[in-house]
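Look at the two complexes coming up: subunit A is in both, with subunit B in one and subunit C in the other.
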Partner chain A sequence: MDWCRLKEDRESRLKQGDAYRIEKKLVAAKDTGRLLEAVIRPGDRVCLEGNNQKQADFLAEKLCRVNQEKVRDLHLVQSAVAMDSHIKLLEKGIAKKIDFSYSGPQAAKLAELVQKGKMELGSIHTYLELFGRYFMDLIPRVALVAAVEADREGNLYTGFNTEDTPVVVEATHFKQGIVIAQVNRVVDRLPRVDIPGDWIDYVVEAPRPFYVEPLFTRDPALITEAQILRAMMAIKGIYAEYGVQRLNHGIGFDTAAIELLLPTYGEQLGLKGKICSYFALNPHPTLIPAIESGWVTGIHCFGGELGMEEYIRNRPDIFFVGPDGTLRSNRAMSQTAGHYACDMFIGSTLQIDEEGNSSTATASRIAGFGGAPNMGCDARGRRHASEAWLKCGEEDGMRRETLGHMPRGRRLVVQMQDTFREKMVPGFVEELDAWNLQKTAHLPIPPVMIYGDDLTHIVTETGIAYLHKCTSLEERTAAIRAVAGYTPVGRKAEREKTKELRRRGIVKTPEDLGIDVSDANRSLLAAKSIRELVEWSKGLYHPPVRFKTW
Partner chain B sequence: MSRQSFLGATARERAAGLTDAGTFQELAGPRDRLTSPHLPVLGEAVSFDDGIVTGVGMVRQHPVFVISQEGRFIGGAVGEVGGAKMVGIFQLALAEYEEWKSHGAQEDCRPAVIISFETGGVRLHEANAGLLAHAEVMDQIQCCRGKVPVLGLIGSKVGCFGGMGFVAAAVDVIVMSPEGRLGLTGPEVIEQEIGKEEFDSADKSLISRTTGGKHKYLMRDCNVLVPDSIEAFRQAIGDILEKPYEEMEKCRRIGSPALVKEQLDVAEWLADLAPSDARDVWKAMGNPMAEEYPDMDVEEFLTHAVRRRRGEQ
Partner chain C sequence: MALQTLTYTFPGKTGCTIKKEWSHTGVVGSGDLEILLEQKAQAGAVSVQVVTPVHGFEYIWEAVLKDFVEENQIGDLAVSINDNNATPFVVSLRLKQALREAGIPEIFLEREGEKT
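== the complex of A and B ==
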């Protein structure tokens, strides 16, 4: 019995790859394609690092141009299908199968490939699920990762965007796989070591820096009064009501509005120190005014955000930074914090159905999940208590039927929703498009971002529905209809039922919350433009040119 | 909030704030429900003011006839009804001029027209009717010459582009804030037609340097540069109207053979200069601190700014 086949296989691959070494672990950029051909075998499971922010784009492009006699039928296992090159790999047949988490900009092309039968779709995961499978049944044989700098021994400095690199490299390297890193620069001495050199087999200095998307920057100038109203309702009716101290914010304008209302409206309500002390969050520029006003104690980041480098360097008490002063982000750790250490998730979505299930899927796009479902759910394994968690659990209207008398808390899972989005597309629907996508993409289940039984609150301009207080599924549907405005779902609301739900505090309108709708205007925003964010940061925030309007 | 942002305000807030407090009277407003006949045919929503606020108010002693475009409705694009409302305001102003003349023509009471631009030009849904509206407004501006000063104000989100860029060029005086944008072909269209290498419309900083108030002030396409507040715009309108009418006429960019020659000379000079960025133009005009201009506030910028020389470069 040979117990060392993986190791032998690794050694035989390295033997071929080593032909391209020029110095220690360095391989010249021009030899990248040949290196890939030397160490990758047909049918290999390959992880191309990339997520909704940084991308190992140079290695991905080189992989697209390999000799298909030597490299083909790969099984891609990776966080994101984000680049044109990822799609090209599948189109050309260099890869034939993919397991992934998020696809954002390539969602439509991915759906097209699946429909044409050009590729095999494994599963669509959340980040944490996929990371988990990297250590079980989806272990990468070869990983292609990205870092800012490397030295000749292969030590990596990932800088601001550490993100997925540690988890990818750990899974690959310790199961005898091969790790190749593209770096922006090879240097003699790194500012700090994020990945030890003996976990890395080859380093390629890419001709241009890896691509990073500033995905979490929201221009305050684009925040609408409807968003401000919902933000006021959420702060007063949820944050204050439950004393939410540890949380994650989604990516949209609704939560950006909340961030910008903390130093103004939140201050008026006397909530400073009582809510929003800790975040699992990318470094949102819109959080700068709250940080500067002393609201925030700590933030752990999934990834970085372009332009926030110098600001974070100067606020080391708030963020996680290395001895060199730059942010240390880590997606796996931050997702863990988001799942187990947060009392609330709040975000927004495209569609919510009458049972409270929500989805960002449309029939022609396979967008994936990213990280939201691991935060937008009740963490059933959680055992420590907090005020917000306990209160939400106590209010659970169906607790007696399911659990009996044992006290148990519950995470707040909140969706902020426009009743109608742009072009009068309804935000509440009788049937999610996810059902359609399930059919067209042959998925085992409709892709649901947040399930109805995990959702505790919906905030619309009509009101807040406290769904977890409902005593039956039927009542939950009535509560959803009550806040769904003039959508087909909302028009089914019955006047008397809604009145009763308001009386029992399951539905609260702005009036019930003591909010005057006419107070919801842009003058409440602590910063009304990107430029004012720069002023708040005392010139430490440097917005990317696409957001810099001066 | 002591000074309301012009950029963030609605067209109606601007119209009221550009005239002295309590004096603005909206005419042909939403209650009159003058809506586009073309949009319903295409299944599009209408607006009860067709995206343009019109009315009259006072600035000091001057009756001021106001046109204020609303970018939130179809990007401020001008259609048949909105165009007719604009023309109606000019006609009221000209009628008021005759009144004024027959009552002693006191300079400090001369009527004026102000247009707050927030538009990408023609409303494509209304095609010819929209184009015709542009032509009629241009015609009215010509009718006002020598009689009623026409002031253009640009500091809105959408800016002033397309056909309305031509209209703006034809007014007497242009007041902008640095946040204002003025041009003919909009950034997205340039990128779409010629390519990202020519003009990257995602680069907001580039758009500001090329079409923003500071650049237009340096190039003399804009006469007065003010900070982004409605109050500052109103102040500028008052100060301009204090001047003798001939001074306002002198602010024009086009309208005489000499001015046309001047514009052609500028075009030639720019072609020879072959700048790769607006900052190259600023430097060539004698602005060594050009690199720092984008970050400066209006007051500081104005102490340094050296504008294009009139006549030949």
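== the complex of A and C ==
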């Protein structure tokens, strides 16, 4: 019996790959394709690092151009399908299967490939779930990662955008896999070591810096009155009501509006210090005014955000930084904090059905959900108490029937939803498009971002539904209809039932919350443009060019 | 897409019209609308004309306008709307703002008074 086959396999691959070393771990960029052909075998599980932020784009492009006699039928296991090169790998047959979390810009192409039978779709995961499988049944044989700098020994400086690198490298290296890093620069001495050199097999200095998407930059100029109203309602009816201190915000404009209302509306309500002290959050530029006004104690980041480097360097009490002064982000750790240490997740979605299930999937797009499902759920393993968690648990209208008398808290999971988006697309539907996608993409289950039984609150312009207070599924449907406005779902609401739900505090309209709808206007925003964010940051925030309008 | 004109008439309260003779609110920017409110003695009725590029949502206009008339207990009013893809929320908000600018009927103020 041979117990060391993985090790032997690794050694045979290294033997071929080592032919391209020029110095210690370094391989010349021009030899990258040959290196990949030397160390990757047909059918390998390969992790191409990339998420909704940074991308190992140079290695991905080189992988697209390998000799398919040598490299084919790969099984990609990676956070994101984000680049054109990822799609090309599947189109050409270099890869034939994929397990992933998020596909944002490539969602439509991915759906097309699945429908044409050009690829096999493994599963859609939330980030932490996929990372878990990296150590179980989806261990990468080869990982292609991205870093800012490397030295000749292979030590990596991932700096501001550390993101997924530690978890990818750990899973691959310690199961005898091969790790190749593309770096922006090879240097003699790193500012700090994020990944130890003996976990890295090869380093390639890429001809250009890795691609980073500024996914979390929201221009305050685009925030609407409806978003401001919902933000006011959420602050008063949820943040203040539960004393939410530890939370994660979604990526959309609704939560950007909340961030910009803290120093104004939040201050008026006397909430400073009582809510929003700790975040598991990317460094959202729209959080700058709240940080500068002394609202925030600490933020741990999943990843970086272009333009926020210098600001963070100058606010080390708020962020996690290395001895070099640069942010240390870490997606796996931040997702762990998001799951276990946050009392609330609040975000938005495309569709919510009458039972409270929500999804961003549509029939022609396989988008994946990134980290949302991991935070948009109750952490069933949680054992520590907090005010918000306990209150939400006490209010649970169905808890007695399942748990009896034992006190147990519950995470607040909140969706902020436009009843209608642009072009009159309804935010509430009788059946999620996810069911349709399940059929067309041959998925075992409809891809749901947040399940109805995890969702505790919905905020629309019409009102807040406190869904967890409901005593039956039927009642929950009535509460959802009551806040669904003029959508087909909302038009099924019965006036008397809605009145009863309002009496019991299960539905609260802006009026019930003491909010005058016509007060919702843009003058409440602490910053009304990117330029004002720069001013708040005292010139430390440097927005990407595409956001500069002056 | 071609503009279409929708017209509605709702029963309202006789004499509960706006204070100003007429009042104009809003701009026809993208996702927004302009509203003209005019006093019009018509046995309490509220007549509405909507010009919109959006087709197929007549029933939503009707529901939004009906709620507006009922909630504010208005009457003897002519409403003209030029819409540019506003959502129902924006329509409701602008109607509320328009009414406020036009001077709301006494009865509405009394109801506000009751609540405080």
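As a convention for this text, the second predicted complex is superposed on the first by the 550 of 550 C-alpha atoms of A that agree within 3 Å, B and C clash if a C-alpha of one lies under 4 Å from a C-alpha of the other, contacts with A are read in each partner's own complex, and residues count from 1 in each chain.
The criterion applied here is as follows: a contact is a pair of C-beta atoms (placed from the backbone, for glycine too) under 8 Å apart; a residue touches a chain by one contact, two chains touch by 3 or more.
Keep in mind that what you see is a predicted model, and the values were worked out from it rather than measured.
Superposition of the two structures on subunit A leads subunit B and subunit C into a clash. When the two complexes are overlaid on their common chain A, residue A:549 makes contact with subunit B while staying clear of subunit C. Here subunit B and subunit C are compared by how many residues of subunit A each touches, and C touches more. Once the two complexes are overlaid on the shared chain, A:5 sits clear of subunit B and of subunit C alike.
Look at A:523: by the touch rule set out above, it reaches subunit B but stays clear of subunit C.
Judged by the touch definition given at the top, the superposed model places A:221 against subunit B, while subunit C stays out of reach. In the superposed model, A:538 makes contact with neither subunit B nor subunit C.
By the touch criterion defined above, A:499 lies against neither subunit B nor subunit C after alignment on the C-alpha atoms of chain A. Across the options 2-10, 38-46 or 218-226, subunit B meets subunit C in a clash only at 38-46, per the superposition defined above. Across the two superposed structures, the residue set of subunit A contacted by subunit B and also by subunit C is 424. For subunit B in complex with subunit A, the residues that touch the partner chain are 1, 5, 7-8, 45, 157, 178-179, 202-208, 212, 294-295. Those residues of subunit C whose C-beta lies close enough to touch subunit A in the complex are 31, 54, 57, 60, 63-64, 85, 87-90, 92-93, 96-97, 100.
Looking at the complex, you find that subunit A touches subunit B at residues 221, 424, 522-523, 528-529, 545-550. Of all residues in subunit A, only 224-226, 229, 418-424, 461, 485-486, 491, 517-518, 520 touch subunit C in the complex they form.
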